[in-house]
Every structure is written in structure tokens, then in C-alpha cells.
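Each chain gets a letter, A, B, C, D, E, F, G and H, in the order it is written, and its residues are counted from 1.
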């Protein structure tokens, strides 16, 4: 909650412009809208400079549409729906058409990221790098979040460490990045290698790619946490959205 | 390896100033010193803007002293020895005295961080916040790394979520931070709460504090990875050093 | 087994009204009915003041109907069928109609709670609070159990800790609760926050909501067990039924 | 934070008796004392009716003494130090003597519970039951917390399920309990058996007793979570303190 | 390999009735038939007094039929096919009809036990006891194996420990058993309770019944391994076949 | 509880020789002695034909002595103390001397099995076989239990499967065994091999021998549970006592 | 990257035949082709003497076809597609027909290995041995890789250790093998037994065959890692491809 | 067991030179010596071409001495004692002096490898490479085994992937290796990188180096098993001995 809001309210109370009981109600209800099934945090966008985001799975298309409508109505920043299925995309598309908002859809029909009202383009150099082609969907989600916030990341795919020389041609890009997202399943070794090269924040995303001993991403997660490269940080398994958000946190004020 | 170095060497070869065989040897040996027991990466400091760091455990005091001597001799940036024991501290102190370098020691005698040649003071607002008093040693390691790099972090201790109102007086500090490190054991819930408030990068450090179901830090690690707060990133259990490094990566160019 | 029953039987034996051999048989068979596929514990309701409950999965609709018929015939308290599928609901509905008992169904068709013969309404203030909208089905099961026993819980949805200020408006409700059920997946941090505020019993339910590092509820389970808030207790993953029963145990004598 | 406090302060602001800026500071700092190394939550005692508790491990004897001094000075309720070692006990004893407060010490010298200023005796019938003699220390910690709050629990030791008939003589006690704590290691089966008998809240504590497949308490923890007895709740491994606190939460208003 | 066979062969060699090279070949090939896709161990039946058993999953119906044909042709004891699907049952039924052998099928069509040529009826008193109705299929598999070997087990269903008094009527049966199989999922506590009562071998079978913290049988497995009842032994999760075989091993010579 | 006891008591009540209230007390208290710190189950020996056993760890020498004194006084069968340390052995030795009972001690001073009043020698052929020399202490505990009950097991040491031919000379012994205990750490493969050869009950004991991937016995435990040899059963890690007890259960009536 | 290539390029630069900037580009791009969605490492075949391999899952048939086309065009060695589904097989078949290359398909339609341009036949004696018939598909994948490289392995199926004598007839084959692959699920004991017999490299493949305590291959994996047979090495669960590649690495220069 | 031995014995029987009963005894006892506490497999050295090895931990110095004496007396190949402590080294040194055998000791006094009668020097190019200096002891054990067998490995230390360029100078060595052992803790990424470069067998050894998320070697183990580099094989955690043995298996016939 923004401190200045609190002070404004207290000042109004002091001036007799606001009853104490009303002030208490105001303080409690101010920062969100209650849709019954969901509470929308309108202040987070202001407070943290991050997009309004709706996580699709488990929500009815109608619920997603209601939340998106509320977000478009009450804010001005980007709105993103993650892991949306086809019915949810259709519902959001209808909302967008009604309100004259453009939208972009990235990913498979069964699990797509939908972006509305993207931010103005920023200059920051962000690199998203994957170990294998199968890590693509996670990278797509990360890129969609970054696009929503105005970033134009360079995406390097299929750079796994088993062919370490494939990275040589990309060294300049990695060395020049202001933030790097490393997406890898199996043993996740790419995070350590990039972590030893890239100068800025390196955010590692373990993916559930691989089978058997990859333990659906747990092996990569543990390996990235135990990485010998200092200062590498990790987000949850397959969490491309979180990685994009971490980039926004890190570069937010640099645009 | 810095691309310009490669080009310089290739240009010298082209100019006949360097034999191809010598160039190959040069390319291979350039970026580190080989002490036999350790290979020192002098270029990482330049490449990544991070301090030269020596991990103490498992190294003989003499080996630590040799590495520190080499680092002081060939570089100009800060040098840090982590988790040093008493004998290692003594050995490093001797090196410092011989070379007229000041050093500071933080933490217990059995596991201290030793900083030599710290960087000039920076202005960035960094906050380090712990859930309980028992998380102190991890915070100390993190703070030592930050001091080495010139940061003067604000440290908030004992702000666990079981008394969530204890955070209210610190809201301004957290809302104003350019980077926040959250250190918590047990269930690690503080990372989610701070992650919902702080605007910049939030780096969570699970600690091995707690017993039984805390599983020596694994519970906090998993909880932080699964955090409902978007964009929070995580480093390894008790890895205060890594968290400090992650801050350096994130804020490196903002000083 | 009720002690007074034992004494009654022994007194009858002493009075010569009951043969020892018959008494032994009586002692053994008294407290349940044997349907072949299931043994119904009629005394639990008396002994523990809890509803007669039937766990649906793995039972044939006909078996469920037989058990419900037996429960309605031999007892007077509420009866609840949990995680019932459509065929089971139909079978129970037929039983209810034949016996002129009303029934209510909560939840999805594939996994619903069916309540028959609910108890009279009680005054106790119970709060059920969820971290996200996806925790809804678990809350529904918990609420159905509470309704069966006569409680009218206040349900607060979507109060996850990433927007901690969303809780402020509910503080009075939580501070006033005689018992609180906290339902959360992902990292389960809400249990610690509520545990630090609510005065009465706080029962935490980890849910399988979340993906990757949430480990299908194990992360939330461990986090809740390791909670820094004193006196919080935990039931099994997704076990809304158990949480409701724990409330009944805690408040049973307060109505 | 107590709502009435907030309203009082707002009313004072409305009356002109308090400047808005001062009110903001007051709101933030009111509910705790800051000792530098620890923040003491004086309001929790009022808010939740639970004792002020200090967890010993990892704190210097001087720190423990400071916290206890503060707690005795600013509150009126019971104070408890858990898992205190010999030096901490000595430090607390000195504080007690200076302030003329009596104290009692339960458990081993290396890990004892110290109780100061216990509450007046309550009438509630609480039962603490252990599976084996080795579960004793956990029971002792639980009993110390209960004593601090005024409860006089009945303690039944060595009632493991391998000799289920040993429970028969205790049936009346268990059936009559208003709250029951079940403490068991190994496979933790006692919780299920007692959960099927006891009418009120049943709080299960897994212990690290057992070896090999007992997995230092994880087996008992999982077994208790998966218990077939409805409404049994669980606290962390060896967490006798938490179990005692859970009883206080459940029976707090019944005294 | 039966020692007497070896001696017979060596004696024949000594007598000149067998060439050394032929003897070597004989020694190697004697105890099984090679069907290409499977090697049938005809001697196990003789060596261990256990039925010839075929594990269905992953085998083509034709392969199962071939193995059963071979087993019927070369042996005289019972033959059992476990976890057979409908196509495999049909294939085996055809074999049985061609050879004039009767067969019995137990369980679901998708996972049944097929028994051919069962042994003569034995007198031994075997008890199979389940904690809940959902453990039924595992009990069925166990009973089928026992029937194949001539045992007529008493089956007690739905005797979970949450209603411990339901066991009282069965005490005589359990106390009189020569071998007892305990089948339980969730927390598996029934094994400890029965293990404290039954005098003979007690074989515990953890089942995958339960959800969440039951971890698909791992919780029951660990709990049974850590059981406080001495001498209880455990077989794999859902392994009703193994439990039946263990009974055969224990009682084989008692018939 | 022995049914005949119950009937006797009820008959006395019927005959007016016993008051109902006294009968109830009698029923409850009969089968054990209460030493305060422990409840001794005198009937288990009669009920299950197993030795009275005291688990040493965590008990004061004085407590062990009291329990042993009680066991010697009120029973006639063998008494065994497991994992006794030096002080406990001394205390038990004093008890033995006072009562004129001989005792034998097996194992290390820090963890020995003490046997008093062993049973008469039995003829049954029991084999205890270990994979490596490091499994010796577990075998010793198992053998001590067997000796207490009158068995004279054949012990085969260091028969690990990496040298499978070392087993050939022992084939006759294994084929002739009435019960076989297989003790193995590391990967526990010996249980599968012996399970394929031995005809009677095969009880596998995983040991914590091995390092790294042996996971302190969990690997062997899982491997033995998943064994491809039918009817092999498993006891807990390092539980030589339990294995011995399982043999007693299996062979009890064959002596 | 082949050193001679580097030297050649440097020599060309020294001779003025190549501009330094061009050389840098050449060095970076030389060893692979970039298809956008995948980077093909043409040098690995030369560098490591292993076949070009394409992992099917997650790739569109069109993508697989493009990669195979590129591999056939630019190399001369064998090409293998693993775990190909029907659509991918069809796409590759079309490529093969267009280019006049023969191809062989091994395994199920849903998961087959496709081999194109196999190497000339080699003489090395390789043995692939499985514990059960269910391990067949993993063996098939391994054999396909070996065939691609020119090996003609002897395949021994269904040699599990529960019938250890079934191995006797194969002893000569195993003792004579230059490399042995052991494929086993459940408890994986076969690896230890073969590891104690076979003289050359023994590569163990844990499979996900088995249920319950087999933990989808983790039990076999751990057991094989902890094997008491010295020098046995392990690849990932179900990784028949990796095992074949390990044989190629071991025998590559012996052909 | 060597087939020729079997044939020899059978031929003697056929010739009447050997009684069948004696032959049976001979077959069984031939390949090992029984010291009571250990069975020595003299044939393994012949059968597998590997050194006679004694694992120190858990054996009395006297036992180690007896085994070494037996091995020196009856064989001619190298003998190695692993993880020997000081007392065991002293005992072995005495044996060596008595028999005039030279011995070499590698490693710490508390855990050393002792080699006696090393094999003649071989030419094979073996490389042992570690990720960090802390992996040294595992490398030392591996090197001692290799020396015993006559190999003179090149050891590259401290080549972790965080400074991937440190590997460049070693590329020729790795590309030229006939076998490579990669030893790494933490995330074990080095195995994947080397696996993508080295042409021959690559044997990865996870070490328990690292803390927290490194899970005492389990993270590296899983990461190496899941490695994206084809044909890399893995041995147990810290198992330098096993890795050396695997090299012996792979290169045995190439000397």
C-alpha cells in the first residue's frame, strides 16, 4: 500500500473531511476490486511496475473475461493471461474486441499467453537462451511476458552444453546482455556455463523436459540451485512467466 | 573470453607479429593463472564485474594464502574469502599485512567472510531482511559480499510473517529498495510476502534454520520456488554469498 | 466403545439376565453393522459427535446406497458422502427420495459432497479462507462438512499473501473467528500469516494447486508443518473433509 | 493488530490530539519492541492468548536474557523459553532472581523448557499420550507449555499400538478428554487409533524416534497426515511446543 | 539347481554313460525351457514348492498362451497368471479348453488373476484382513494365489484402526491364524495393531489407496517397515501376489 | 488379550464371585505391569510365543534394570535387551547376578544384545546370510534373538552377488533351510538371488552399509521391496531383531 | 572442435589467405548448421565417432525431416532417429526415399528407432542382456543404435536373478563379451551379478519396469549406482540409446 | 567360474581320476579362500583382469592384514586397499615389509588408498578431470586404482564450467584421451560439457562436494544421469575406486 495514500487519508481525517470509521473502511478496501471469485490487486501494477497477470488454469472462461474486463477498465498498463486454453482465448478475444483493444497470442492453443495493451518498446538488451528445442514453450511464455512489458529479447534456441562450441558464435550477444534467461531441462548445465560468462542478472528456469532421472524438472532445479556459477538465481519449474517477471524487476528502472 | 582479445591476437598473427602455434598457446592460457591446486580466473572480474572470491572449506590455509596473494597481485578489485576458518583467516591476515592491504572479518571464527580491498562506496539502496535471528549468519555473509562491492545495505532482522504487523514500520524501506534479499528458513513464507510488496529484484535465500519438517532448508527452498509472488528468484540453501552476487549482477551498472 | 455400555452388559451378566457367552458376543458385535463389503460404525457418531461419512471413490453406487440406507435407518445425525461421482449421487438421491430425506450436493459432478439430514444451525464463528481461486473445490468440501454439522462458515477466497494488503479488510473477521481453516497450495505461506493473526484453532490444508516445485501439494504440506506460527496444525493434502472434521472436534461442545 | 487500537488512534487524530505523521509512526511501531537482534511482539499475547515464547537454539545466553527481561517487564502473562541449554538456563535464572520471578525447568540440561510466571490453574481435561518411552522429551516440552498456560494434563506414557490392550484401562480418560495430544515416532499408528476413539481435538506429533525406515520422523509425519481417522491434525516433527500451543488455541476460551 | 541332479549327471559321466561335453551342455540347459521371448523355470516349482506364475502386463496374449501351454505340458502343479487383461484371459481360456483344464478368474476384467490346475485343499488357517473396502483388489490377488496353492483363507474386510473396536469380534480368528496378511493403504497402521495380536507370520502389504500424503503407497510402506510390532514383514506396494507367495513359503510344509 | 481370560472373568461375574466394577478394572489392568516409565506386556510372550524384549537406546540403565527385573520375576521365557550400551549391560549383569540368571552378550560394547534365560534348543534349520563383512553387526543382533528362542542358525558371511560363484558351495545349506534371513546393504541384490533359490520363508534385512547412492539403507530397502523373487518379505533397515522375530513367527510351531 | 581445424585457420590467417575478422566468423560458425529450430553439430560425428542422432519427442514431423535431410546431405555416417512416432517415421521415410537411402525401423509404432545409412559391420562381441521380457523396448533401442554403428550384439532376454541358474548356459557368452549392456527394472540386481562375471565394460540401464516400490525406475537406478560389483557404470532410466552410445565410446577404436 | 576349469574337472571325472563327490566339492570351493570373516575371490583377478581390492571401513586392522596376506600369497597381480585408516595402513605396511613387497599410500591418513605390487606401466592415455579443488580426494582414489593397474593418468584439476574458457588449453588433451573420468560435485555440469567433447568412454563421478541443494551428491548424480551428452556413464557418489575400475574394464585389452 502506497504510504502517501495512507498519509492523505490520515490528513483528511485530521482535517475533519473524513470520519474515522470511513477512513478505516477506505484503508481496507482501497487497493483491490472484489469480483467474488477473485480479488484484483490494482495497486500492484503501480507498486511494482509489473503487468497485470491472470493465470488461466482452473478458471472458467467467463471468470477470465470478467477479470480482464476489470483490469482493462481500471488500469492503463499491459494485461497478460498465461496458460490460457482455447475457450479462454476466445472469451478474452471477445473482451478485446468489445473494448477495441488489440491482443496477441503466443504458444499452443491448449496453453497460450495472451497479451493486451503492451507497453511501449524499451531498449534494454535481454537474452533468452534454451538448451534444446523442447524447451521452446517455456521460452515462448517468457518472451510473451517480456513483450507485454516492452522488451524485445534476443532468443537463442538449442544451445545445450553437449555441443559447447555452438555457443561460441553467440558469445558477444551473451556478454552484452543486460539480463539473461537460461531455460534448460535434463541436467540444466547450461545455467552454470552461461552464469560463468554473462555479466548481468542470470535467471535460470528448470524445465520438465527430459525423462527418467530428470525427475520432471527436479534434477534441473536442484542442479541450478547448486550451480557453481556465483549469483545465478532460479525460478520454479517451467515458470517462464516468473522468469520474465524477474527480468522486469531487474531492469524496470533502466528502460 | 573477451572477443577483443581474440581479435587482437588474430590481428597480431595476421601481421606476422605472432606465430600461429604461439597464438594457440596464448589463447588457451591467457585468462587464468595455474597454481597447480587451483586455476584463478582473472578475467571474471573484468568480464562480470564481480569480486574475486575464494571458497574456504577444504582448502589448506597455505593454498588460500597463495590464491589471495595471486588475486591481490594481478587485479585491482575487491577480494573475498568465504566460510574461512580461523587458520585460514590468520593466513590471509598475514598476506594482507605483507602487502599493506586492509581486511575486514565478518561472522564466527569457524566460518567468517574476509574482505580485502573493498570497492568504493555506491549509492544503491539494497535491503537484506531476515525472518528470524537464527538466519543471521547467512545475512552476514551476504552483507560482507555487498560491502566488498561497495554497497551499504539496510539490514532488517527478525521480521518473520507470524507477526506480519512487525513489517508495517518497514514498508517505506522495502518499497524504496532497488534490490531486496529475503533470508528465511522454516517455511520461507517471508519471501512471498516481501515479493508481493517490493518493486525491484527480490532474491530469496532458503536457510537450514528450523528442524523436523524444515528438512534442513529443502522445505524453504521448495516453498520459495513455488512462491505465489511473481518474479521472485531463489539461490541455494544458506547461500548468502550467491544472493549478494545476484544483487551485484542486478545493480552492477546502476551505481 | 462407550464405557456405560460395557457396565450395562456386565451388570446384566451379574444379574443373571445375560449369559457370559452371549455377553462376549454382544460386546464384540455391538458397535457396528456388517454389510459384507463394509462395517458401519454407528457408535462413532455418538462417541465423537461427528457426522457419519462415506468416502465415495472405489465404491459401487449400489454399495454407497446400501451404506447410506443403513446410516439413515440406524442413526439420527447428519450423513455425508464425499467425492461422490455422478452415478453415486444418483444412487444416493434415490435413497433420499425413498426415505423422504432432503439432500444437498456441493461441488463438481465428478467429485461432489452430498449432505443428508444436516444438524441444526449453530452459532459458532468459523472462517474458511483460501489463497487462490483454484483452491475452491477443497474449500467446498470443507464447507459441506461444516454445513452438515450445522456451522455457517464465512468463506474468504483469493487472499494469497502476494497481495498481503488484501487481508486488511478481513482482519476483524479473522480476529473474531472461533476456528479458522486456511486452504493454500503453491508455497502455503498463507497459513503462517493467518496463524500469526487468528486467536483460535488454525487448521491448515495444503492443496495440490501449483505446478513444478509445488510437487502436487508436498511443498505446501512441508511448509505448513514447518510454519513459524505457533500452534498451527495441518491435515492431509486436499483434505477439506478432514479440516471440517477438525473444526467439529474443536468446537463440538461450544455450540 | 487490534482494530480498537487503530480506531483509538484515528479518533485521536480526528480530535486533533495527534498529528497525522505521529499517528503513522505510532501505527507502525506500536506492537513490538526492537532489541536490535530481535523484535518482540507484545501484542501477540493479547491478540492470541498464547504465552510469550523464546526459542533457545542459536541465541546467545545474553540475548535470551534480554528478551526475557523485556517480556517480564512489559507483559503480565506466562513466559516460556524452549530448548534452552545450560548457559541459557543460567542466564534466565539470573533474570528471574533479579526480578523476583519463580521459574521451573523441565527436561534435559542440554534442551529444557523454562517457564516463568505461569498462568492460573485451569480446569480443562487435557491428555498427552506417548507411544514409547523414547517419546518422553517431546511430551515434556508439550507439558511445560501447557503448565505455563495453566493446564494440568494427564500424561499416559508407553501406550504404543503393538500392545493395543494396554489402552483399555485408559479408555475412560481418553473418552473424557477435551483435547488430546498423541506423540509417536516409528510408524505413528497411535494417532489413528486414538483419533478413532477421542471425541475432541486430536493433535498428533510425529517424533524422530525410530531408525532406518522411520526416516527421522518423516514416516510418522506422512502416516499421521494420511491417517484414516477423520479430523486428526498434525504439527511438525518433535514439535511438542507447537502441540501445546494448538491445545491452547483450541481450549483457550473454555477455562 | 537341485544338487541331486548334479550328482546324477556327474555319476553318469563317471560311469562313462555321458560325455563331459554333453554333461556341460546338460547342466546349463536343464532347468528351463527357452521360448525365445521368455525362459521358463520348470524347476522353481519343485525347488520352492510355489506355483508357476506369469505376470501379465507387457506380454502379448499369444506370448502368455505359449507360456501357459508350456507350463501345463511340463509340470503338474498349479499355474497362475496375474494382472491379466481381457485379451490375455481369452487367450489363456482357449489354452485351458484345448487341454481340458479348468480355470478360475478373479478380479476386474482389466486386471484379473487366472488360476489353472489348483492344488488340493489344505487345512492351514490363513487370514487376509484389509483396512478398507478400497483395498479389495489387492486382497483378491492374494486370495487367488492362496487358492491356487490349496489354501482357503478367511477374509476380513474394512477393519481399519479408526474403529479399533470393529476388530474385537475378530480377535479369536486373528489369534488362531497360522499366517496373517494385512492389507492397508493410507497410513498402514493396521499392520502394527495386528502385528501386536497375531502369533504367527504377519505379512503386511502397503496399498496405493489414499491420496495426497499417502504418496501412492510409499507412506504405508514406510510405516509398515518402521512398525513398532516386532517381526512384521512387508512386501511391495499393491503386491497381493507376493504376500500370497510369502504365505506359501511360510506354511508350505505344514499342510 | 486371551479370550479364555475374558470368559473366566465373565463367568466369575455370572457366579457372583466378582463385582462388575472390579471385573472392569481387572479386564483393563490384567495384561501388563505399569512401571511408570514403561508398561510391560506380560501377555505378549504367551500370546505370540516371542521373547520379552527391551530396546536399549534412550533408556536409563536403572530403567532397563527395572524392566528386566520385572520380566524375570513375572515370566518364564527368554528375555533380551537389544542395542544395549556398556552402562546398560552392567546394570543388567547386576540384575542377573542378584537373581542367579546367566546372561550372554553379543556385539560391540556400544551396541550389544543381552540374552537372559534362553529357551531350550530347537532343531529347526535356520540360515542367516550376509552380503559383506560390514553387515556383521546386524547379523549378530539377529542371531542373538534366534539364540534366545532356542534356534542354532547357520551363519554364512560375505556372500555378496558380485562373486556369485561363492554361493555354489552353500547351495545345499540354502536349499535345506526352513527359514532364511538375508542381510545386505548397498544394492541388496543378494535377497533376490537367495529368494530365487531358498524354498521356505526368506526375510530380507536392508542395512545402512554402503555410501552415497546407498542412501543409508533406503536403496537396499527399495530394491528388496521391488525384488523380482516372489514371496520375499522385508523388515526395516538394520533391523536384525525384527528379522529374528519374523523367523520365530514363521517357525514357532515347528520346533 | 578439431584442433587441426583451428591450426589450419590460423595458418591461413598467418599466410594472409584469410582476414582476421573472417577467421573469427569461421571459427564460430564452422561446426554446425543452423535450421532456426535446431543447431546441427556436424563435427560431433567426426570428433566423437558417434552417429548423428535425433531425439523424436516434441519435434514436428517436418522438423525431424529437415534435420535428417541436413544430416544426410552434409555427413557420411549413420543417422538415427530415436523414439519416433508414426508421423515422424513417415516423414523420415519420405526423406529416405527421395535420397535413395535405405532405412530400418525397430520398435513400436508409437516409439521406434529409425536407422539410416548404417556403418559397415564390425567384429566386436557385444552382449545385451535383459532381466525380464518387459525390458524389451529398452533393449530394442539399444540394439538399434548398435546396429547403426555396425555392431551385431548377442541379445539374451529374460535372465532375471530370481532364476540365477538360467544364466549358467550363457556364462561363456558373457565371459567372452568385449562390452555388456545389462537392462533391468524392479530391483536391478542383474547388474551386480553380471558385473561380477563379465570382464569388459558393463553398462547398466535401469528401466521403469515394475510397480510400487520400483518407483518408476528410481529403485533400479539407485541399486545399480550402489552396486557391489566394481566398475559397473550406469546410464539414465530407460536410456537404451545412451547405453548403446556408451558401448560405441568404449569399443570405437577396436573394430 | 572359468569354463575350462569346469571342463578339466569333468574330464578328470570321466577319466576316473576324480570321484564325483570330490568333484562336486572341488567345483564349489575352488574359486575362493574362506578366512571366516571374509571370502576371497582369487579368480576375479583372472576372470576380469581387475586388481584384488579390499574396502577398508568396518574391518579390523588384523582382518585387513590377513586378507592382504592371503592376496599376496595366492595371486600375482596388484593389490589395493581403499579408504584405509591409519591403523589399517600400519597393519598393511607390516605385511608388506614381512613379504618384501613395496607399497605406496595416497590420500589423507584417515582415508587413504594403499597399493601393493602394481602392474607394469601401460601406454593408454587416461584423463582424470575435476571441477573443483574439493573434488581432490575422490580423484586421488581413482588415480591410485589406475596406478595399481599400470595407467599413468593425466590429472586436470579445478576445471569447473563456471569458467568454461579454462578448459580451452586442455582441449587437445581431452580430445586425445582414450578414457576420461569426470569428477564433479555441486551441479555436476562438467560431465555434460566433457561428454560433448571427449571421444572415448566418459565416466562421471558425482561427489558430495557442495552444500544445501547439492544434497550430498544426489544433485550431481541425478544431473549426470540426465546428461544431455550421449553415452556418458555414471558411478556412485564419491566412488573414485569404481571409476578407476570402469576405466580398467574399458581399456583392459588395449595396453
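Brief remarks follow.
One rule holds for everything that comes next: a contact is a pair of C-beta atoms (placed from the backbone, for glycine too) under 8 Å apart; a residue touches a chain by one contact, two chains touch by 3 or more.
Given the structure is predicted, the values throughout are model-derived calculations rather than measurements.
Annotation of subunit B and subunit E: jointly contacted by C, D, G, H, touch as defined at the top.
If you lay the C-alpha trace of subunit C over that of subunit E, the rotation comes to 90 degrees, to the nearest 5. The chain with its Cα centre farthest from the Cα centre of subunit G is D. Two chain pairs are in question, E-G and E-F; the one with more C-beta pairs in contact is E-F.
Separation between the centroids of subunit A and subunit D, computed from CA atoms only, is 41 Å. Averaging C-alpha coordinates per chain places the centre of subunit D 59 Å away from that of subunit G.
If you average the Cα atoms of subunit A and of subunit H, the two centres end up 50 Å apart.
Among the residues of subunit C, those touching two or more other chains are numbered 1, 3, 44, 163, 171, 196-197, 212-214, 221, 225-227, 230, 236-237.
Pairs of chains in mutual contact: A-B, A-C, A-D, A-G, A-H, B-C, B-D, B-G, B-H, C-D, C-E, C-F, D-E, D-F, E-F, E-G, E-H, F-G, F-H, G-H.
By the touch rule above, subunit E contacts subunit H in their complex via residues 3, 6-7, 10-11, 13-14, 16, 19-21, 23-24. Residues 133-134, 136, 157-159, 163, 165-166, 168-171, 209, 211-214 of subunit D are the ones that touch subunit F when the two sit in their complex.
Interface residues of subunit A, counted against subunit B in their complex, comprise 1-3, 44, 47-50, 53, 171-172, 175, 178, 196-203, 221, 225-227, 230-237, 241-242, 244-246, 248-250, 252-254. If you check the complex, the residues on subunit C that touch subunit B are 131-132, 160-164, 186-189, 191-193, 195-197, 210, 212-215, 218-220, 222-230. Within the complex formed with subunit G, the residues of subunit E that make contact are 1, 27-29, 31-32, 36-39, 41, 43-44, 57-59, 63, 206, 208, 217, 221, 236-239.
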